[in-house]
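Dropping the structures in below, format is structure tokens.
Next come two complexes built around subunit A: one with subunit B, the other with subunit C.
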Partner chain A sequence: MRFSALLRKELRECLPWLLLAAIVLLVFGGFFLRAETYYESDRHYSRLSAGTVVDHYQLTFYPTLNLTGPWLFCLSIGLGLVLGIRQFWIPHFTRTWPFLLHRSVSRKTILTAKLTAALVACVISLGPVWIGLYWYANRPEVFAIPQTPRVFIEGWIFIMLGLVAYLGTALSGLSTANWYTTKIFGLVLATIIIVTTLSQCTLAGIFAVIAVSIAILLVQIFDTFLRREY
Partner chain B sequence: MKLKINLKHIATPTKIFMTVLIVLLAVLILQGIILQIERTFRPSATTKPEAELTQEEKRLNRIRNSAKHFLADGTIHLIHKPRRTTGRMDEPEIAQIYDANDNLLWEGPYNRRPYRYLSWAMQLRRYGFTRKRMKQMQMLTPGFSRNIEIPVSSYNKTEQIWRYYPGADYFMGYNINGGKIGYIGSTGFTDSKLKAKPFGKFRFFTAWCPQDSVSPTLLWQTQRHIYQIDFEKQHVELIFESTDSDIEIERTSLKAWRDLKPGAVGSSDPKKYRPLLICGTEDGKYHLILREPRQQLSLAVPHPWVTATKKNIFVRNYWGDVMPPADIADSRELYDKWLEERRGKPRNLWVELYKVDDQGGLELLNRYDWTVPDPSMPVVRARDPRPAVKRYVSQISPLFYDYVLRLLGRKFWSRALNYQNRGDFFYSLARTILDFRPYGGVINRVLIALMMIFVFLHGWPRRTSWARFVFWVVFAGLFNLAGLLTYLALNHTAVIKCPVCGKRRGLARVDCVRCQAELPAPERGKLDLIFST
Partner chain C sequence: MNEIVLETKALTKYYGSTLAVDHIDLKIPRGCICGFVGRNGAGKTTAIKLMLGLLRPTAGLSRLLGCDSSALTPAIRQRIGYVTEGHRLFRWMSIGGLEKFQRAFFAKQWDDKFFADMIEYFELSKKQKIKHLSNGQRAQVSLAFALAPNPELLIMDDPTLGLDAAIRRQFLEGMIELIMRQGRTVLFSSHILGDVERVSDRIVVIDKGVLRANCSLEQFQKAIKKAILSFADSAPDEVNIDGFLHCKRSEKGLELTLVGTDDEEIAEWAKSAGAENYRIVKMNLEDQFIEFTAPANHRRLFQWEER
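On to the complex of A and B.
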């Protein structure tokens, strides 16, 4: 009961950002996806000529959702950063940590509520919009050639990267060290993980990198939060 | 409380791991910046003016630099192209054609030469789509990963798209007006997913549009098979199957195989040449697949250049005594000895032309020999052969890199640094480690010793347990500067003077490490423990 009350409180605080991310993705992602339909015929105009060797670059194509991808990627990372700042940095500035920590709930419950709220926020704000865009792009009357399932998975990887950015921000926010020492390391690790993920070819490799990084960040967040003096 | 205790055991190693990873990266970036600054401001090397060559040296130079071409009857010609006047690209390319006895036969613009030489099958790797490119294509980007899509068109309007699915290893076809067509796999076209068979592990492909079509045909090479896929006719032809060993990507060549229009890049005269495909397998054999009529032969010649005219099949072989004999190639010591014996002596090179009979036997038609001066570079005896700046910059690298190199072995590193993996995250990581390894130099050892002494002196008054203290000293030794910075980032605490023994003590432990006296309680009105003692 106390957990659900805390969760509601956290979700209430995340709600504006959550809605903003969903609306921006829906508007801009949808706009660019719609724009792609007008270029569909141009995309299938063959530039190959008979009796010549084909340059392989003429045979490799980005999926039709490729203009939506950067929006999903940036919004996910942005949402992760904003949620991390909202949950772990703002209470420092507004000096509201003691009010939260002196409630009759354990620190573990408070932290779990924050993390669950962030996870739910990332998933329910961008997830349904992404599913909707993918579904729309797969309708035969929109694009004759359907999207590959890999594109759908990659969209969810972007959402997971948002979670990595959130955890990195949270760790940096919780750290009591100075800026010029280890306080920024949470964010640096999140950046390294995002860059590393974007240079991976196999989905297994991507999931392994993300899983390891989430585990490293989560363990440290719990450890720091449970031991920290406020 | 239980979670706290359990977490501490996991959280501390993860914190160390995260911190050392970031610090190592920061040190690498710093090393890279230093090298880049040095490269930018390095004074350009001055080249010595070359000594004037004698007539004989000039002749030998010309022979060495001449292209050696064969006529269809086996006659060899040496073609020398003098350098053009600098900046005069409009001048025609002049060639001097000599016979084997060094008599000048003809001189003039190369494209007007009166001789038609044999042309050879060209390697495809340079122009085709390799495994490396396939990996790059699958790399995750903000715009998602890419797909291979083969259009089937008529009058420049695409009617079908055949998309390759790397996981399933087959193509799936879609109508441009909607609807699925079927699947193309190793067994050909099928309309059922269950019946579609994968091609096998992808290695390489090249594509061309035949003269009567604007739809690409693909030559698709896997680990053990080569297929030709005609998407327009939805037909798959198995060109070659290797049952014993894998096909090597680098050794697949084509001559007149593709139906290209005359004058197009890669085209050959179809009246003179037979369609030919050559592929090498890892067992050292070369397999010749010919058409018009269909024929298959195997050769055991190292690195041959092959061509097939309507009348004969020819093999050209460049070789020389520059390569060590096979029995000493695997031994570093024997190889070095062989190299030392030959140092300063000229090398013999030769080119041979063979005619291939129907059973794959070779008949020598012609051979030409020439010599080149010793091409070996001056011997670098230093343990660390890198340039001085890189050598010095690498001294702050961790000793750990050397251990990782030794631990994983040469086989692992040669596989990791295979050019096929270039662009990979792990390739870049391996390359960086190899570039900045400290080579266990004296300066590196001295720096490590200094880091360890620093950690020892810093950690002694702050130690909370012996195991922890020893761990951090060893850690600094293993990771050098990165180890020291990690140690400081995670362990630096303020020290106070112990009120009992008067020596310095850290605040992370309740009792003094020397006299075991407990921390003093703050006096009334003096809450600051550090400045009040």
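On to the complex of A and C.
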């Protein structure tokens, strides 16, 4: 009951940002995908002469990931930053930490509720829209060749990178160090992780980097949150 | 049967090289209403945060309801009400929404009727958003939230700060609601001495992080005195009387501030110093506090034992 009250509170605080991210992805991602359907594909096909080998990559990976992917990536990172700021920076300015921390629950429970809310938020905000876009792009009347599952998976990787950005922001928000020293450590770490992930070639490599980095960030966040002063 | 509900032992806190709280030894017995007073920056908020485990002490320890402050369990926190400085609540919530949130943490203790009565008494509606409330209304809501779970110990950090006289009075009357419940203990910090005088039976004075007084309000009021002496010639250079705090000099007069000095002792000293005449002036609590915490007195501790 206490955990669900905390979870509801955190989700309610994030709600406007979740809706905004989902709407922006749906509108802009959908718009570019549709534009691609009408113009880009048409251009490819009109230039094909008999016997030309169609590049599978060009027809599938290119339209979905290059046009909607950057939107998903940017929105996911942006949402992660906003959630991290909302949950871990704003309470310093509104001075609501003492009120929250005096609830009759452990600090661990409060932090778990925040992290769970962020995970749920990222998934329920961008996930369904991404599934919708993938489903739309997979319709035979949109693209002749179905999108590969990798395209779909890479979308979810972008969503996970949003979580990495969120955790980095959270760690920076909780840090008591000065700006010019280690306060930005969390954000720098998240940036390095994101760049490293994007430079991986295999899905296994990507998941390994993400899993290890999320584990490191979580350990740091729990340690800082439980130890720090408010 | 003086059970101690709040205790600190050599409680010390440094912020970098700044000493905020300096070896505070404090014991607050159950059932008392304790005014925790000090000037701005005296260390009241830091001391309260240390007591509630929101800050870590550099040295010393603090115990609330028998539990170490740095390890307060959810069960202990449930028994402690806390009104934060500035009444910081979640601004986006409505009073009703915040009530629902708050009730989740006090399932069995939450007094719905009391909360509804308080909200009605303060002429508020549960539909109102916290962000649309004035400072005074937020203070009232904050008090209602702290009192509705019927806490054994209520700690309030400058709850009447920034409130006008009428709202302050309403707020204090709300506090009295709790005080009337048997065995409840209240610690509230303030620098409005009138509020302390109205509701407290005990006073704790902190100055520049140092505990300066911890006694009943009556003892404090009896102990701090001002004696005005006039001399035929010039006033003596040296003042050597027990309990002397500081003095103001004029050409032929002395204005002494004393603590814990008997009237007979003052009379005797006036005679021995060759005073032409003297009188003891009664001060109100505010004047007593100002004289007591004047810069010249820094670090002099006066602590009275309970009689």
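The rule is simple: the second predicted complex is superposed on the first by the 205 of 230 C-alpha atoms of A that agree within 3 Å, B and C clash if a C-alpha of one lies under 4 Å from a C-alpha of the other, contacts with A are read in each partner's own complex, and residues count from 1 in each chain.
Operating definition for what follows: contacts are C-beta pairs under 8 Å (C-beta built on N, C-alpha and C of every residue); 3 or more make two chains touch, one makes a residue touch a chain.
Since this is a predicted model, take the numbers as computed values, not measurements.
Asks: Could you tell me if A:H92 is touching subunit B, subunit C, both of them or neither one (first, second, both, neither)?
Replies: In the superposition, A:H92 contacts neither subunit B nor subunit C.
Asks: For A:E13, decide between first (touching subunit B), second (touching subunit C), both and neither.
Replies: Touch status of A:E13: second partner only.
Asks: Determine, under the contact definition given at the top, whether A:Y230 touches first (subunit B), second (subunit C), both, or neither.
Replies: Only subunit C; A:Y230 stays clear of subunit B.
Asks: Determine, for the superposed model, which of the two partners subunit B and subunit C contacts more residues of subunit A.
Replies: The partner making contact with more of subunit A's residues is B.
Asks: Touching A:F222 in the superposition: subunit B (first), subunit C (second), both, neither?
Replies: first
Asks: So in the superposed three-chain picture, is A:R103 touching just subunit B, just subunit C, both, or none of them (first/second/both/neither)?
Replies: Only subunit C is touched by A:R103; subunit B is not.
Asks: After lining up the shared chain so the two structures overlap, which partner does A:R150 touch, if you call subunit B first and subunit C second: first, second, both or neither?
Replies: So A:R150 only meets subunit B here.
Asks: Spell out the residues on subunit C that touch subunit A in their complex, using ranges where they run on.
Replies: Checking each residue of subunit C against subunit A gives 49, 52, 54-56, 74-75, 77-78, 80, 82, 84-86, 88-92, 100-101, 104-107.
Asks: Write out the stretch or stretches of subunit A touching subunit B in their complex.
Replies: Subunit A residues touching subunit B: 44-54, 56, 59-63, 65-67, 69-70, 73-74, 108, 140-141, 144-146, 148, 150-151, 154-155, 157-158, 177, 181-182, 185, 188-189, 192, 196-202, 206, 215-216, 219-220, 222-224, 226-227.
Asks: Once bound in the complex, which stretches of subunit A touch subunit C?
Replies: Residues of subunit A touching subunit C: 1-2, 4-5, 8-9, 12-13, 94-99, 101-106, 229-230.
Asks: Mind listing the subunit B positions that touch subunit A in their complex?
Replies: Touch list, subunit B to subunit A: 3-4, 7-8, 10-11, 14-15, 17-19, 21-22, 25, 127-129, 133, 135-151, 153, 156-158, 161, 163, 165, 167, 174-179, 205-216, 258-261, 264-267, 424-425, 428, 489-490.
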